[in-house]
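The following blocks contain the structures, represented as structure tokens.
One chain, chain A, links the two complexes that follow: it is found with chain B in the first and with chain C in the second.
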Partner chain A sequence: MIEFTTFAQLIVATLFLNNVLLFSFLGLESVTTIEEKPKNALKLSLALLLVLPIVSVISFWIYHNLLLSVSDTGEVLADLTYLQTFVFVITITVVVVLFNVLIKKFFPKLYAFIGQYAIQLVSNTVVLGVLLINISSVDTLANSFYFSVFAAFGYGLVLMILTFIEKHLQESPIPKGFKGLPLQLIILSIIALILYGLNV
Partner chain B sequence: MGNDIKNELKNILNEGIIKRNPVFVLAIALTPLLAVSDSLAKALGLGLTVLFIMVLVNLVVSIFKSKLSDGALTIVTLAIMAFLVTIAEMIIQVRDISLYQDLGIYLPLTAVSGLILQRAVTYSNQNNVMKSVFDGFAYGVGYLVALVMITIIRIVISTGSITLFNTQLRLFDHVYSFSLANTAFGALLIIGLILGMFKSFQQRGESK
Partner chain C sequence: MNTIEMESLEIKQQPLKVNHRNLLIMTVFLTVLLLIGAFVYTFYVLLMGVVAVATSLIIEFIFARVRKLKYGKDIYGEFVTPLIFTLLMPPGLPLYMVVIGVGFGVFFGKSIFGGLGRNIFNPALVGYLFLLVTFPTEVSQSFIDPGTGQLVQSLNISDFSFMGTTQNLFALLLGQYANTIGSTVMLGVWIVGAILLFLKIADWKIPLTVLVASAVFTVILGRFYPDQFHDAFFSLFLGQLMFAAFFVATDPVSGPQTSRGKVLFGIGIALITVVIRGLADASEGVVYAIIIMNAVAPMLEKNPKEEEV
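Showing the complex of A and B:
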């Protein structure tokens, strides 16, 4: 899906050309929970940026060491990869809950800022989605870390742009039925069209 | 007594499929909807998977509801969902490998579907087994119907024709089709417009 030839290519690819929100539609359900406020978008993106790299690296390690064991000659010794969905969901749950407990204890200020959104990440499609893309198209542990960081960054970036555009549109005469999610989807589609132009 | 139950089940069906349709009214679980609505086989495959998993999750949660505390409910439900999705994945992989590859990451993503989680946590947790199973069935069918409808609209807009049961129906000439409807941009735009229109009609109906 994604060609990782150079680092710069990776950044541009994950931020724009394969943006998880615009082109894989991951994390759309969170668009409604941020209530059109840039501050809430920032909270959600920050929580994601802190959690996603941890989950991503742990699950990448689990996949390549516990689920799939390959000998030095490239021969597959044991293949439990059909359990990946179950294992990943459990990993996400454990990491997110632990993360919440730890920052509540050691960084109370940070918890007051992002706690409400950090616990929601348990059932956020962007976390599981990035893990699944990770194992299918990333080759090394370091790359899986970079990929998850830039995926979270790209998600946050689009979310911020979306909320800022919505703020500007508040005074505009928009049909009542289109306010909220329909308008957000249409704005996202236009951002996707702009980036689609870069892809060709 | 028998009539009461019949009426109640009818109400549940009506609510899940029409009154509180998961896509047109509640607008949840849009991630797979946007991604798989470009081919009818994918839409049917995913819709049926969601339907079956929803019925089973509601069944399991309503059986064990007395043993689950509120704090553990979400996490246990997620684990049940992940387990069932893993089994569904194995079955689809064996029965139809090309469908499995086409669905890609969106089949495993059913494990964190907001729709299934919401119904399990808010409804099955408080109602008996039969009602919960019916509720899961109703919302699953509502989701499947909406998914197929949106898929047909998208395919017609992007190609001008639709293939149903091996017969091709051409609605308008290929020259007038909007081929960008096949891309991510088209998915977001068309579904945004459809949802907006439904919401407008709904509000007009309420104000009258």
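Showing the complex of A and C:
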């Protein structure tokens, strides 16, 4: 069992202090695909929230049981970890495609809502990034699950804030050179500055 | 889009949240607070204010030139940001840091978003935050004791040994403890803030919610963590909370417009401030609280029905 304080720390750290979008720059390419609409951000975040924990747990298990086998005394018996990126990408693809097929069959309404964004997760760097952070800094299977859930939450939260701000700015006379992506990055950097300042 | 089209676009969008009379009155009031600060400390404080205003004017001028826009239309708005910034600063800060802070704040907080009345984040706070991250020791250690003129640490929420007596409360109100320029003389903040609310330049909902909610949160959290959260009443007079509640949080541009949004905005500021004060070791929570709520403010304004886009 995890103690409550460590669990609270994990939540705060994953949601804010080590936010995957703000501090690891993962998933930035999706910022452009949601077209400044909060609803699209919600769809993408929901898809991520449903897919990421599954991928995360599966890949964590694969890494610690198939790629790296360690004996009880801590001796490394076999080390195939150089294959990790390759294996993870295949895992992501299989899980995302299966997820799409399954929700299309069993939850057509959900598919109609998030389907367009769920398939995009194959190429979203958040997924692979979280898996790689997972194996390097998370110790148990349960923690990898929690970590991925809150990473998805944190990503969605920042994305929602960003899209609401963008919607608010729609009619502003923003300088031509800063329209679109540059301003998005500046807004994100100011949000990152806030959280970084809290961390110092 | 060529320049003419851009200009016509701006004229169409102009009547938004910006009231030149209010900005002028606000500038006067902030200058009064700066003069009180200069009276308590030295004339160096006044110099900081002048440098800050000059930096803001120069940056806006250059920006207007580069964009080929008419300069001087929003001239009053260019005084408010640097004055608030100066009033949030400790009185012993080197001048070049004032220039860096105001420059960053005005450029990245205001000009880029389309100028006055368009900013999402309060530009003064963006500059403050940048300075706090870049020069953490200088910003937190440039406080001056008003009596002796020595460099000291400012009063923290944890230094509560002085609390509890009316005498100390009066000393706090009259500015005998080290604090930032704007918040040193609490009485001045009260009087000017009250006039501001009376003239309806600032909405009374936000300061009231911030102060009441932070007292309530301090009491509630004090039940569970008595070591971190102390006297709820005195905690309102410490640090920049009072000044920020009256002058920074009430900024009509970066806050929400609806009444419901304003109340939520104030409660959010209070909660984040109290939590940061009690649990984190950040020097002053209210600045973070306001800028975080600035980021969330567009979300608070919307009714759930309106979201169908």
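Throughout what follows, the second predicted complex is superposed on the first by the 195 of 200 C-alpha atoms of A that agree within 3 Å, B and C clash if a C-alpha of one lies under 4 Å from a C-alpha of the other, contacts with A are read in each partner's own complex, and residues count from 1 in each chain.
One rule holds in what follows: contacts are C-beta pairs under 8 Å (C-beta built on N, C-alpha and C of every residue); 3 or more make two chains touch, one makes a residue touch a chain.
Quantities reported herein were computed from a predicted structural model and do not represent experimental measurements.
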Chain A residues touched by each partner, larger count belonging to chain B or chain C
B
Once the shared chain is lined up, is A:K39 touching chain B (first), chain C (second), both, or neither of them?
second
Going by the contact rule set out at the top, does A:Y196 touch chain B (first), chain C (second), both, or neither?
both
Taking the superposition on A as described, I'd like to know which of chain B and chain C A:I186 touches: first, second, both or neither.
both
I'd like to know which partner A:F178 touches here: chain B for first, chain C for second, both or neither.
both
So, A:V76: does it touch chain B (first), chain C (second), both, or neither?
neither
Who does A:T125 touch here: chain B (first), chain C (second), both, or neither?
first
Is A:A112 touching the first partner chain B, the second partner chain C, both, or neither of them?
neither
Going by the contact rule set out at the top, does A:S24 touch chain B (first), chain C (second), both, or neither?
first
What part of chain A is shared between its chain B contacts and its chain C contacts?
175-176, 178, 183, 186, 190, 193, 196
Residues of chain A that touch chain B when the two form their complex
22-29, 32, 82-86, 88-90, 93, 97, 122-125, 127-129, 132-133, 136, 175-178, 180-186, 188-190, 192-193, 196
Chain A partner, complex, touching residues on chain C are 1, 6, 9-10, 13, 67, 108-109, 111-115, 118, 120-121, 126, 129-130, 132-133, 136, 276, 280, 282, 288, 291-292, 295-296, 298-299, 302, 307-309
Can you list the residues on chain B that touch chain A in the complex?
27-31, 34-35, 74-75, 78-79, 81-83, 85-86, 89-90, 93, 105, 108-109, 111-114, 117, 180, 183-189, 191-193, 195-203
Report the residues of chain A in contact with chain C in the complex, numbered from low to high.
37-39, 160-161, 164-165, 167-169, 171-176, 178, 183, 186-187, 190-191, 193-194, 196-198, 200
